[in-house]
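Right, I'll just put the structure down here and ask away after.
As written, the chains take the letters A, B, C and D, and residue 1 is the first residue of each chain.
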Amino acid sequence: MNTTINLAGVELKNPVMTASGTFGSGEEYSEFVDLSRLGAVVTKGVANVPWPGNPTPRIAETKCGMMNAIGLQNPGIDLFCERDIPFLKKYDTKIIVNVCGRTKEDYCEVVERLAGEDVDLLEINISCPNVKAGGIAFGQNPAAVEEITKEVKKYAKQPIIMKLSPNVTDITEMAKAAEAGGADVLSLINTLTGMKIDIHKQAFALANKTGGVSGPAIKPIAVRMVYQVANAVKLPIIGMGGIATAEDAVEFILAGATAVSIGTANFFNPTATVEAVEGIEAYMRQYHFDSINEMIGLVK
Amino acid sequence: MAGKYKESVTVVSQESIAEEIYSLWLQTADIAEHAVPGQFISMYTNDGSRLLPRPISICEIDRAKGQLRVVYRVTGPDTGTEQFAALKQGETIEVLGPLGNGFPLEAGKGRKAFLIGGGIGVPPILELAKQLDAEKQIVVGYRDTQFLLDEFGQNGAVFVATEDGSAGTKGNVMDAVAANELTADIIYACGPTPMLRAIKAYAQEHDIECYLSLEEKMACGVGACLGCVCQSRDKDAHSNVHNKRVCKDGPVFLATEVEL
Amino acid sequence: MNTTINLAGVELKNPVMTASGTFGSGEEYSEFVDLSRLGAVVTKGVANVPWPGNPTPRIAETKCGMMNAIGLQNPGIDLFCERDIPFLKKYDTKIIVNVCGRTKEDYCEVVERLAGEDVDLLEINISCPNVKAGGIAFGQNPAAVEEITKEVKKYAKQPIIMKLSPNVTDITEMAKAAEAGGADVLSLINTLTGMKIDIHKQAFALANKTGGVSGPAIKPIAVRMVYQVANAVKLPIIGMGGIATAEDAVEFILAGATAVSIGTANFFNPTATVEAVEGIEAYMRQYHFDSINEMIGLVK
Amino acid sequence: MAGKYKESVTVVSQESIAEEIYSLWLQTADIAEHAVPGQFISMYTNDGSRLLPRPISICEIDRAKGQLRVVYRVTGPDTGTEQFAALKQGETIEVLGPLGNGFPLEAGKGRKAFLIGGGIGVPPILELAKQLDAEKQIVVGYRDTQFLLDEFGQNGAVFVATEDGSAGTKGNVMDAVAANELTADIIYACGPTPMLRAIKAYAQEHDIECYLSLEEKMACGVGACLGCVCQSRDKDAHSNVHNKRVCKDGPVFLATEVEL
């Protein structure tokens, strides 16, 4: 049985990875999960300089989901390279660094800095609500998506994953723009923008007012978008949004994802990622798939 | 660093010990063995629609029996804590722990200490009182109904404050400290932020070593998501900004280290 | 205590109504609910002619939500006027007729036909996935929203509610377009487009492949959009999306909704609507609101 | 029209009667009193993440005790039916019913009838067999393990078909009809669509009055959402198109009225 998948020339032992921002750089969950069992670890978004993030409360629970407004707190690329990459190198897994920024230059600086580092892929988060380009978030405008992809590609030594926002009318436009800009891989979906009001305090549940909704609640929207994008572009897709079990992971793969990321589920099941690895194998045995590649986009 | 465990634990017993306050003993495989006072556990409901854990302090540890006690408030109808209150003996729930760093016991050894708990911050003070080797002055504040007072009496001198004046000093814990003319060389405290802020000011004024247990909304409980940060005086080694994670770097902090 | 609200001159005894398509024309749920207790009954979408809708399965369960792809099956405006309006007239509640169509002309025909009927408001559903205008759904393009609003207004005798789709990058653009077109009231949100794959059958759960996600799972997204729109236009808003309890209804009102609709919740709690009416009153007593109007948009 | 009730009902007893097949007796306030054979109830799980009801046929009605029996299959791990299977005596669940129209009992009075059940369509045939006043030939088809056979034996002549041939005729229910050279003037049937299709063809061929109980995914269960339609031969009076609602107009239909 072959579970290896290929993302722009990088071979992963299996399609299961962590979703950026939910797994730190792996250290905290390494108590629960042997990171070497995972296809890849995707790190929390890192910027050119340290970011303090948003005020608290940053977290709110929603039905079958949660909202976060972390605001991309991160220690900056220098400390990240010094501490987090060496930590991850101890494991037999691929390293995917999620990159965030406020301007094009911010992104490019991080990407350039990572060119000399021993990491496997870069995931460019153009769907963070803090990041504006001429008043419009990078990820909600096809021209901006194409441009930032092109810019980043100029500096990148590793293949580039563009991470798309679901808060758009037509996700395939964004996917095509990223493809046109030279993206190697797409990942989707980031969180859906939501809001919660505490009716007893008569105040917003999050200090930031709005936050990103994640978890099983958003899975049907994510599956739909993965399916649409898989049928609109040629690039491999990393699917995510509400994956909690191997069955969920298989659903994304059948819809067209080459790999899957598990985010919020780590918070209620710290071993969700390894369980997904095992469960996908069980599914392949049950339905007689020799290679996971036979499953990708099977349902049309 | 001691390990953390995700366990399906069995309810040994559950009782209501005051209005909306419940006491729950849990049989754990590993958590009780490793827990120290001031740590907490993440409790998950059995309802698939509620994903996030409720961080609840460890109130008592019975290492011999492998049991933990938590004491919690039901915050309202249709909440996760209401679902906890419905748990019956023999039923199971998922918990993760022990989490965070406890109160530093060595620091208080042989000294004159305040152990201060306010409201639903009272429970973790009990195991602290049991394990701390010090001259213990336990100061506990309640809105109205009191709980755990018998247990506290067995572990030190107890001073009570109630907001409505129904018992002890009318007012808050600092009013009880003043009314009883208490002094101390070291402070341990857990409770609502305004109380902690007052204690921090008091400690600063009197130049007393002071440890505070903070509260923040959490998602992972293990330091990965950066959801639960508080502001720190110094640039934090992990975050590289002035943020510390309550779940992992706390919940207990040296008062001078954190902004409240 | 005053729970009456005003929608473009129409006074409702309370802000609680039913969400179109989840309550038929009220008959089926009249066994559980005294319709006279409700602010209004919003009927299932009706077109100029009968529509057969989509093939089955039309329903799938999702985490804290569901998907439907009914495809706007309806008996056509003639039978509707003959049967459903007289039925609803028996109750002391306002009647809001939800209107659907394939073309501008379809909509206008229904609106014109209803001009002579004794109904209180018309809700124009421009967010149904079957309805195309030049390849783009009416509800996903501001120019189309404005145009259809203007057209419909030409024929309308009753105030017009434009029902907005959440499947857009910026809902305030659509709201402003509807306002510019002369809409009297806005309602939001309709369902989010989703997909579910049955991994054991390796097939789509819905015959239509995609369906509309509704229920508590989508509530944070709906609250966010209601808040955004309330702060972008002057029109009253009917908020909906995942409302199951009075607490949920209050959340929408605090965010800026003048009225609320309850949809999916009827399916798991047939008395959800009346319970919301009672619960809102209890909330007003608890927090000493004399008039519900004091609550609208209180959280800023 | 009889009323429908949303009730929180208590589990009287639950047992596994075959592999993955469970039998559940429920104490109801009103539903048992009004239910007729062929109707169903909507069963809700106690898990807040699963909103939609599971439509489950009424298998037996004990009007005297105010109890209902349902027999259901656990469709897999992490399903609503798996949660039903975990219910213990004394626990409660929400149900809505009785829903839909039952089998027309008058039509069969004194006639020679087939009562056909296939797979998880077998259960509703039991109450039908108990109440129908006819010459009853009960034909039941199973994949492998059989259930409810004793109860059927008390209510008519029973003919069994199994796919694996482990009991009765090897094959489906129509094979059992053929093998036993059975004939009838009226047919009542519930089971998987391919089986119903075969029965409809047989009934048409032999010009027999035939009632079929259909299955479709449901949301409201009461006729409001139009989720559960089947295609009808004639334009339906309610829908004004060729669609009938399985939950409200069915689940039992005259075979000639519906397209399968």
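For the reader, a short list of remarks on this structure follows.
Following the convention adopted for this analysis, a contact is a pair of C-beta atoms (placed from the backbone, for glycine too) under 8 Å apart; a residue touches a chain by one contact, two chains touch by 3 or more.
Please read these numbers as outputs of a predicted model, since none were measured by experiment.
Separation of chain B from chain C in touch steps, taking the shortest path, is 1. More C-beta pairs touch across one of A-D and A-B than the other; that pair is A-B.
Separating the centre of chain A from that of chain D, both taken as means of CA atoms, is a distance of 46 Å. With centres set at the average Cα position, the gap from chain B to chain D is 55 Å. The mean-CA centres of chain C and chain D are about 35 angstrom from one another, to the nearest whole unit. Annotation for chain B: residues 48-50 touch two or more other chains.
Residue positions 63-65, 216, 247 of chain A are each in touch with at least two other chains.
If you sketch which chains touch which, every chain touches every other chain without exception. Contact residues of chain B toward chain D in the complex are 47-50. The touching residues of chain A, when paired with chain C in their complex, are 62-65, 67, 140, 167-170, 192-197, 199, 202-204, 209-211, 213, 216-221, 223-224, 227, 242, 247, 250-251, 254-255, 283, 287, 298-299. By the touch criterion given at the top, residues 3-4, 6, 44, 48-53, 76, 96, 216-230, 238-243, 248 of chain D touch chain C in their complex. Looking at the complex, you find that chain B touches chain C at residues 48-49, 78. Residues of chain A that touch chain D in their complex: 63-64, 216, 245, 247.
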